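Shown below is the structure under consideration.
By letter and in written order, the chains are A, B, C, D and E; residue numbering begins at 1 in each of them.
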């Protein structure tokens, strides 16, 4: 891969992610029996936000918000260039930590609670991703993401349980019900909009764009479970995406404690059992 | 410079400076002598680094053996005296047992140690010496200013003299410890660090500090006893020649006798106590009552590092044995448990202490994994952890003096009041768990190496996520400011000593991380090369030696084109990320053009004007928004600590069981 | 010292459609203290009513609340009717019952939707409101307004129901029931909803009684109490039996309302089938004098009206005690000790209606 | 900047505040979100924080207590922003005009851009108002300042029976 | 049931959305709906019955000047005035008023005419 391709990836991912978000809103609307917004709605939103005036409460908030987007992109680049998956998880964590710090930087009770919840979401989701790195190593003999392209059998076949665990944490990463507790697409939250309560204008737009990138990252993670032929992986990713939408629309939002308990018991358990089974 | 001259600088100079400060209590003398000593130590470290090659330097001073023995007995006698005076039966018992053991070995077994080299200086010692000398010296400079501000009620000058006596002595003893090869010498330095830490923890002479000093003495005496037991087993079975660290290490699998293995286990347990592994962590937490430079010294470069240093050094000896796996699991468990406890604490210094315990656990786990990658990761962790922790402790010390509290909650909004400290602490915290800093690199290597033990993988994964939780939580509290707080609050200015010491360390941390390949190739790999030559990499073929400068910053590798089979830490890419993180906000953020907005308080803000963060509450009364961190006390409380300790103790018993069977 | 967070929860807050402030003190995320602050929608309606001609007050009473608007006008009108000794024709009384129960259907469906939103199940909210639109169409077709009907007047009704419409209504009610029954199992059985509501915000029978809870909040705690049991209007002919649940948690309160929707649909069908022929309005004359006190069951519980008059056209005193007013003390009993995420669920579980509480 | 204009008209994020209504208007506003009306078709989504909102939907009269809140929310919204007064209470004060605690319509607290009458207005009418408000949003973009209109005295439409008859 | 919502959402997905496409399609309001008050003042005799019955104070009559002011932004469309008017000048229409950017009062100048009673 050359720099140019990486550049295309970095620019293209948000666009694709935005489009997928538009489709998400359309499908969600249809699941609720509504017509829903046009598919390009996320782009309208972000362009509008970019043109809107913005306020900030202090400089560090702005700094960490940029850092959130930036490290999300770094994580994307690591993934796109098929590098070390463990490092990818670290970069993703840095991105989420930055977001939490951006929320903490304002002395707003809503952001504060949101940031704390974000941290617990990291706590809930990161282990499974790290396990995935180990699974990659065990299956391919390398921590590099590129390894999955070298083996013939899809990762899914050796790690069905881990795949389930990944699906479980995808709900968290995609901020979908039942685990959309730190900030959700839907406004009706007990903590208003959580971390993003204090962002406005272009800063909110930055956050939205970061979410788009995050979505692409998430889909790539699913894709890795079945890379050969490539369309199988794409189908798998889209299937998982649709499944998340269904779950989002049929589950009530669960509570913080339930989330941590569920992901640690099931996510951890399933991954570990699968990895142990694989090594034996 | 000759070796003798070097030893004069490394061992005798601190002793002299310590005594000088105790006897002549003049601030000018104190400052001058300590700064000179610091510079001399740093210079000697550089000299040592250039001087020691792949072959260890062996130095023998048989004439000093008797002196060492007498000093040993003196220390033990003193500890017994303390135990009697403070009516602590366990300390008395432990000290008397050690005394009896030592006397029995010397008089009953009469080992012939004339063949045993007193000191051996190899590359690992060089790494340790660099850590102790450089970081220790910087802490000394910091302490000069800190102790000026420290509240010593009566006879301030006398107390300062006493403080610097033990403080500087500590450095010298630590230098001895990392060179010692003769087990009796090692034991002496070991006990001397115990003594120094006892004196320093009790420095404030309050009830609390005296109690905690006693606790440290008690728990470390267990380690001392373990060491005596190990020496006894070795000398009893193999004769005097076995009382040599290098002999123990090099004998390796050749002497697979039970008593050798048990001796090995005892030595490791001795290391556990010093390294404050669960269930011995309490002395380190109690030590937090001491003045901050002491904590910084204990955590970063001396006491606890002595513990892991010993375990690390012994790693080749137990390589491939069940003991090794047991150590790995034990370390992993400590890593997880300490991280968990750190989440529930709101005392900044205790959080740092738990984090130290956790990281030492990780180092121990690496030693237990015992592959080239893992052991190199352990060395790297020792180096970077020392830098970060020294920085963090010193930062917290400054904050504590200004805020008047160690409670994390009281540090809220520090970013506005002490922006410089915020920067320093942020670097320290980022250094502990975020890419591309060294600790994370080492953690990455450790995790990739841990693939050998799936159970260990689980422990490390759980522990490392918890790490992110408590660090971010703390940093978040400090960042939290209300709009316009910066304009309203006067930033606190910083004395030169602080700027020098903290600035050096912060800059050093960034530079060391940037130059990771140099650190790996120049320091870390050579220090393990003797036992883990790159040719026989561990099970995971991941080869740290392949990661040269060229590799890290090679665009081809950043782009993932080069085929590196096992794993790769794309340092260059991560640094580009870090750089952009600093540049982009500066480029796009125009604070003048934008409005500072009040925070959202559901429409009931009263914070225009003199009442920041107030909202109209019930009956229109102004109520203040207050924020509190999450500590999960419902789940993590004393009972959790107790059960974790029990599990740790059980693991340790099992470890010995594994060895004995 | 445990660290505590103080959160101003409201008045402007996405989970509350109406302004209400709870100053929440939380530790981690456990609520330690909740202090309410009211008065954001106080309009001085009762005082305003005393300035008016008593006939105009029908329109004012309707606007005590836009949700159970019809019930307010019914209660007000029946107070005046009692003062003036007016005998309301039976057809009008039946029509009133039909509209009142229709209000209950739309009010409960509305609430079930908001409740679903409070625990984050947006699609369920959408479905509840979608069903509710049918009942609004019925109200508009027959009463002239989607939510504020202005159909009730002193002495009877302003709007009649012709035979075609009556038949259409019976059919429409059956369809509402069919649509709603699809959602019933969701409220009763869904795993995630139960996870969020069972055992949350428990109000014991004793507390419910001593703190003066009313309506579904009271009935969900196992107390058989409903003002409709008094048999005002045509209720005496309806064999009315209140819905009672025992557990007193949020889940039980939801179940009570789900069952009440079905019950209300039954009552409407029955009333439509038995609808007597005849006049819908009688003319009245006379002077207002005396005082009257009325209890009626609104969707949210029992409501008290007190009217005193001595001046012919104007009222001397006009007082309303609304159900939410009575349900706030039980709410404050339930909040401490719950999780922050439970606050919206518990608060909404009493179906707070601030506009009537503050009038 | 046609794209920006398009985006602004297509993405009005609404914040609803009940300044002291009877609920009638509130529930009709909420009804606009529901499947039958679905204002998300026009990109309008309800939003919790004023900092994200483009459009403030006010229902109900302004009273002494809600005036400050309304003003505060309005101030926290960033430009461009429009205010829509929904229902008679918010345009004037309807049946509550003689109550002691009622100050009048929403324009007593914030400048109003769109008025919609009705007690309560039908959801269709509210959709009309939101579309109209969204159109106004793009006009307001980067206007220097928003003069605060504090009166609701528009010029009267003069008509006479002679004109009609 | 684990996910009781599933059948409903799937049904929704595969059915057409129920959204009424207002403003692209227009659904006639019910005939009886109270949309807005329309005035036709040709027959008005300035008796002020409507003014007296209006709960919202939307009608203001100045007999001497022949002024009849109606504020559509105060009218709650209750219909009390319609019932009160002897001349059937007022009527409730089922269509609704469109939003405006500026509120305007309807002012009618009513030519002085004799009351109906007089003509009779």
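FYI, contacts are C-beta pairs under 8 Å (C-beta built on N, C-alpha and C of every residue); 3 or more make two chains touch, one makes a residue touch a chain.
For clarity, every value in this text was computed on a predicted model and none was experimentally measured.
Novice: State which chains count as neighbours of chain A and simultaneously of chain E.
Specialist: C, D
Novice: Strictly by the touch rule at the top, which chains does chain B share as contacts with chain C?
Specialist: A, D
Novice: Counting C-beta pairs in contact, which chain pair ranks first?
Specialist: Chain pair with the maximum contact count: A-B.
Novice: Would you identify the chain whose Cα-based centre sits farthest away from the centre of chain A?
Specialist: Checked the centroid distances; the maximum from chain A is E.
Novice: Grab the C-alpha centre of each chain and report whichever is closest to the global C-alpha centre.
Specialist: A
Novice: What is the chain whose Cα centre is as far as it gets from that of chain D?
Specialist: In terms of C-alpha centroids, the chain at the greatest distance from chain D is B.
Novice: For chain A versus chain C, what separation do you get between their C-alpha means, in angstrom?
Specialist: Once rounded, the distance between the two centres reads 42 Å.
Novice: Report, in whole Å, the distance between the mean C-alpha point of chain D and the mean C-alpha point of chain E.
Specialist: Roughly 20 Å separates the two chain centres.
Novice: Which whole number of Å gives the spacing of the CA centres of chain A and chain B?
Specialist: Taking the average C-alpha coordinate of chain A and of chain B, the gap between them is 35 Å.
Novice: How many angstrom between the C-alpha centroids of chain D and chain B?
Specialist: Distance between chain centres, rounded to whole Å: 62 Å.
Novice: Two-or-more-chain contact residues of chain C, please, as numbers and ranges.
Specialist: 5-9, 11-14, 26, 29, 52, 59-60, 63, 121, 123, 126-127, 130, 148, 190, 192
Novice: Among the residues of chain A, pick out those that touch two or more other chains and give their numbers.
Specialist: In chain A, the residues touching two or more other chains are 29, 31-36, 53-55, 109-110, 112, 187-189, 192, 197-198, 200, 249-251.
Novice: Of all residues in chain D, which are in touch with two or more distinct other chains?
Specialist: Only 17, 34-36, 38, 41, 46-51, 69, 73, 76, 78, 94-95, 98, 119, 122 qualify.
Novice: Pairs of chains that touch, anyone?
Specialist: After working through each pair, the chains in contact turn out to be A-B, A-C, A-D, A-E, B-C, B-D, C-D, C-E, D-E.
Novice: Mind pulling up the chain D residues that touch chain A in the complex?
Specialist: Listed in rising order, the residues of chain D that touch chain A are 1, 3-4, 6-8, 10-11, 13, 34-35, 38, 40-43, 45-49, 51-52, 54, 76, 78-80, 141.
Novice: With touch defined as at the start, can you tell me which chain B residues reach chain C in the complex?
Specialist: 346, 409, 601-604, 615-619, 623-634
Novice: Please name which positions on chain A make contact with chain E in the complex.
Specialist: Touch list, chain A to chain E: 27, 29-36, 246, 249-251.
Novice: Would you pull the chain B residues touching chain D in the complex into a rising list?
Specialist: Result: residues 595, 597-598, 600, 603-605, 616 of chain B touch chain D.
Novice: Which residues of chain A touch chain C once you look at their complex with the stated criterion?
Specialist: Spelled out, the residues of chain A in touch with chain C are 28, 31-34, 109-110, 112-113, 177-178, 180-181, 184, 186-192, 249-258.
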